[in-house]
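Here's the structure we're looking at; comments come further down.
Per-chain residue numbering starts at 1, and chain names A, B, C, D, E and F are given in the order in which the chains are listed.
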Amino acid sequence: MERVDEFNEFRAKMNEKILAADNRAIKRFFGVDTLTYETGALDRKTKEMLGLSASMVLRCDDCIIYHLLQCKELGVTDPELYDIFSVALVVGGSIVVPHLRRAVAALEEWHEKQGGGSGGGMDDGAQGSLG
Amino acid sequence: MERVDEFNEFRAKMNEKILAADNRAIKRFFGVDTLTYETGALDRKTKEMLGLSASMVLRCDDCIIYHLLQCKELGVTDPELYDIFSVALVVGGSIVVPHLRRAVAALEEWHEKQGGGSGGGMDDGAQGSLG
Amino acid sequence: MERVDEFNEFRAKMNEKILAADNRAIKRFFGVDTLTYETGALDRKTKEMLGLSASMVLRCDDCIIYHLLQCKELGVTDPELYDIFSVALVVGGSIVVPHLRRAVAALEEWHEKQGGGSGGGMDDGAQGSLG
Amino acid sequence: MERVDEFNEFRAKMNEKILAADNRAIKRFFGVDTLTYETGALDRKTKEMLGLSASMVLRCDDCIIYHLLQCKELGVTDPELYDIFSVALVVGGSIVVPHLRRAVAALEEWHEKQGGGSGGGMDDGAQGSLG
Amino acid sequence: MERVDEFNEFRAKMNEKILAADNRAIKRFFGVDTLTYETGALDRKTKEMLGLSASMVLRCDDCIIYHLLQCKELGVTDPELYDIFSVALVVGGSIVVPHLRRAVAALEEWHEKQGGGSGGGMDDGAQGSLG
Amino acid sequence: MERVDEFNEFRAKMNEKILAADNRAIKRFFGVDTLTYETGALDRKTKEMLGLSASMVLRCDDCIIYHLLQCKELGVTDPELYDIFSVALVVGGSIVVPHLRRAVAALEEWHEKQGGGSGGGMDDGAQGSLG
């Protein structure tokens, strides 16, 4: 559970500090960022999937973990996640692979936290409710 | 219609030449690329949307046009496209904007080609069949 | 004058279309973008210089032209511009060079438009007022 | 103090080893890098700010820490730093956020090292002398 | 012949202007750049091949054309070029493809200029002398 | 020896998990990746050198370590490696430097593992056999 928890804690702590600095453009950017993933023409789940593929090709581990967890909370199954991974891998090339490895490690942590085993890091696709 | 047609023609011509060079790794890569967007756990439409968001944050105009056209052929509505654009814009920042402009220009070309006007580059979301 | 004028015209036309699509996140992002370059702890001139160096290392020609013109309107001298170019070149490497060439071409266009010759693309540093 | 000190130590040790390898192009590159930030048409402080914004959009944590520390030593205030952060964030998008978090953590370390508290990671802007 | 000649002409003209601006760091960077590709532990041919693969994954068309022409002048055969392309494609992913298309178009121009036809953009590998 | 061993172990473990997920596109991509570095018109050694320069400019530490180790196993000498580093540094700019530092640290680990000291991280160029 370590890596994911550590990430979430650092993320929350630093976001608070950043917002406390009270820079208007930064604060508004954070607001737009939140707004972007709200249901619009596309639902949140699809948007988080788009955020995940974008984060993978840009090779941002923290962004990948964040969107991966959101996807799981919104019911994206493991086979669906691997399809997202495949698009990111083919678009972004083998330099995406190290990030894919860490994404799969984070996915495993998520499964362990859910209390269920998950041999190959795959669930049965029955995960449909919000966390 | 110019930009999109020109792109499609150059794309087809050069792909043929590349494959004619008969480099095994390149040919297989092209095969994997095709396979990636076929229906799996996710359907083709969702995969093309993922390909579009990935292409936008990587700022590849040709890739953007390609996936944009695929999205339209697979029934992605304009408001849905703009939602994809918004995720790419927020993830990738203002350097995505010039590519967004060219994406919207390509979208307009697509609409004109369909024979319908489209003032603000928006359709009514009723576009559901395969082109 | 061609490249710069063409850029400005396309930019204005497409921005209008993008905003007309009325996607909330995109519209707000455009708002944040404008806000970012307003005088805060740093003045507009310094911020545009920062925007220019960021655009150069990210190799976005349209962004470079935009911030370059803003810099000139705000009184950044040519020797100062070349100092910005040097930082971007050393940070970003030789792949920045093609963009540097096009930046210098745009700078020349700006000088020609001002009605003054500028042999080597350099002014005397006396350019201090807004346009 | 940990992260910043560790970075500085590793940086110094490895730079020494790299230069000891005696590759002419690499040695000269290091020379050009040093030269680039010396006062020219722009002063060192402005150049370090440009180096910081460039490093942030390219998402290089070590480069960010380096330029951040240089900025502080040269008297850049925290509100000015946050203005630099805002430009980098808007130009580079939300993938810059994880690096912004680590930049703010490094800034905190710097303040602690100076012996002064700094609740929200902000000073009063009165920091004008060379470290 | 158009694209390649146009590139070479613009490149030469702008390089001259850039150097005329007399910015010390930029001039020295250009010097280091030249030095880098001179024979050292590796010969020029291998270094140009490395420059080509680096340029392709960074998706810089002008850099690709430049190193491609250098490779051909130094005797890199077409099958060898395609092997370089394959490494760049697999490392960098499908976003490299549009640049690969333009690289193959430039290679064709080079062959036409040599006076020989080259249907599929391939020579027989016998091209060993300096242009 | 730590960093390199840890990398190799994590790499092997996660690759296994990724392949176990049985996503066809991902599995085929891994196959193409392997194929790409096999001897073709260019030999494996040259291809690994190309993979290294590409990985350095894309700033992927894991990819750099992997190709660096492959290069050493295939007999690339340290002076040759530094020539590769120099091309990557000049093409990619100073943001490559932190990755260069870590590459040199990995190279040192490799030398230590071989049982020989290597003061400045340089061997005599006599390393010609496959590990």
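The rule is simple: a residue touches a chain if its C-beta (ideal position, glycine included) is under 8 Å from a C-beta of that chain, and two chains touch if they have at least 3 such contacts.
All figures in this text were calculated on a predicted structure; none of them were measured in a lab.
Visitor: Along the shortest chain of touching chains, how many steps lie between subunit A and subunit E?
Guide: 1
Visitor: Subunit E and subunit C are one sequence twice: same or different residues at the contact, by the over-half rule?
Guide: Homomeric contact, different residues on each side for the most part.
Visitor: Is the number of contacting C-beta pairs greater for A-D or for D-E?
Guide: A-D
Visitor: Please name the chain that ends up farthest from subunit E once chain centres are defined by their CA atoms averaged.
Guide: Taking each chain's C-alpha mean as its centre, the farthest from subunit E is A.
Visitor: Could you tell me the distance, in whole angstrom, between the mean C-alpha positions of subunit C and subunit F?
Guide: Averaging C-alpha atoms per chain gives centres 39 Å apart.
Visitor: Using the average of all C-alpha atoms in each chain as its centre, how far is it in Å between subunit B and subunit C?
Guide: The separation of the two C-alpha centroids amounts to 29 Å.
Visitor: Averaging over Cα atoms per chain, report the distance between subunit A and subunit B in Å.
Guide: One centre to the other, that is 24 Å.
Visitor: So what's the Cα centroid distance for subunit A and subunit C, whole Å?
Guide: The answer is 34 Å.
Visitor: Among all residues of subunit E, which ones touch two or more of the remaining chains?
Guide: In subunit E, the residues touching two or more other chains are 23, 25, 29, 32-33, 36, 40, 55, 57-58, 63, 79, 82-83, 86, 89-92, 94-95.
Visitor: So what shape is it, when you link every pair of chains that touch: line, ring, star, complete or other?
Guide: complete
Visitor: Could you please specify the touching residues of subunit F with respect to subunit A in the complex?
Guide: Within the complex, subunit F contacts subunit A at residues 10-11, 14-15, 17-18, 20-23, 25-26, 29, 33, 55, 58, 60-63.
Visitor: Show which residues of subunit C lie in contact with subunit A when the two form their complex.
Guide: Residue list for subunit C touching subunit A: 23-25, 28-29, 31-32, 35-36, 40.
Visitor: Name, in rising order, each residue of subunit C that touches subunit D in their complex.
Guide: Subunit C reaches subunit D through residues 32-33, 36-37, 40-42, 46-47, 49-51, 53-58, 63, 77, 79-80, 82-84, 86-88, 90-92, 125.
Visitor: What part of subunit A is in contact with subunit F in the complex they form?
Guide: 59, 78-79, 82-83, 85-86, 89-90, 94-95, 97-98, 100-102, 104-105, 108, 119-122
Visitor: With touch defined as at the start, can you tell me which subunit A residues reach subunit E in the complex?
Guide: That would be residues 57, 89-96 of subunit A.
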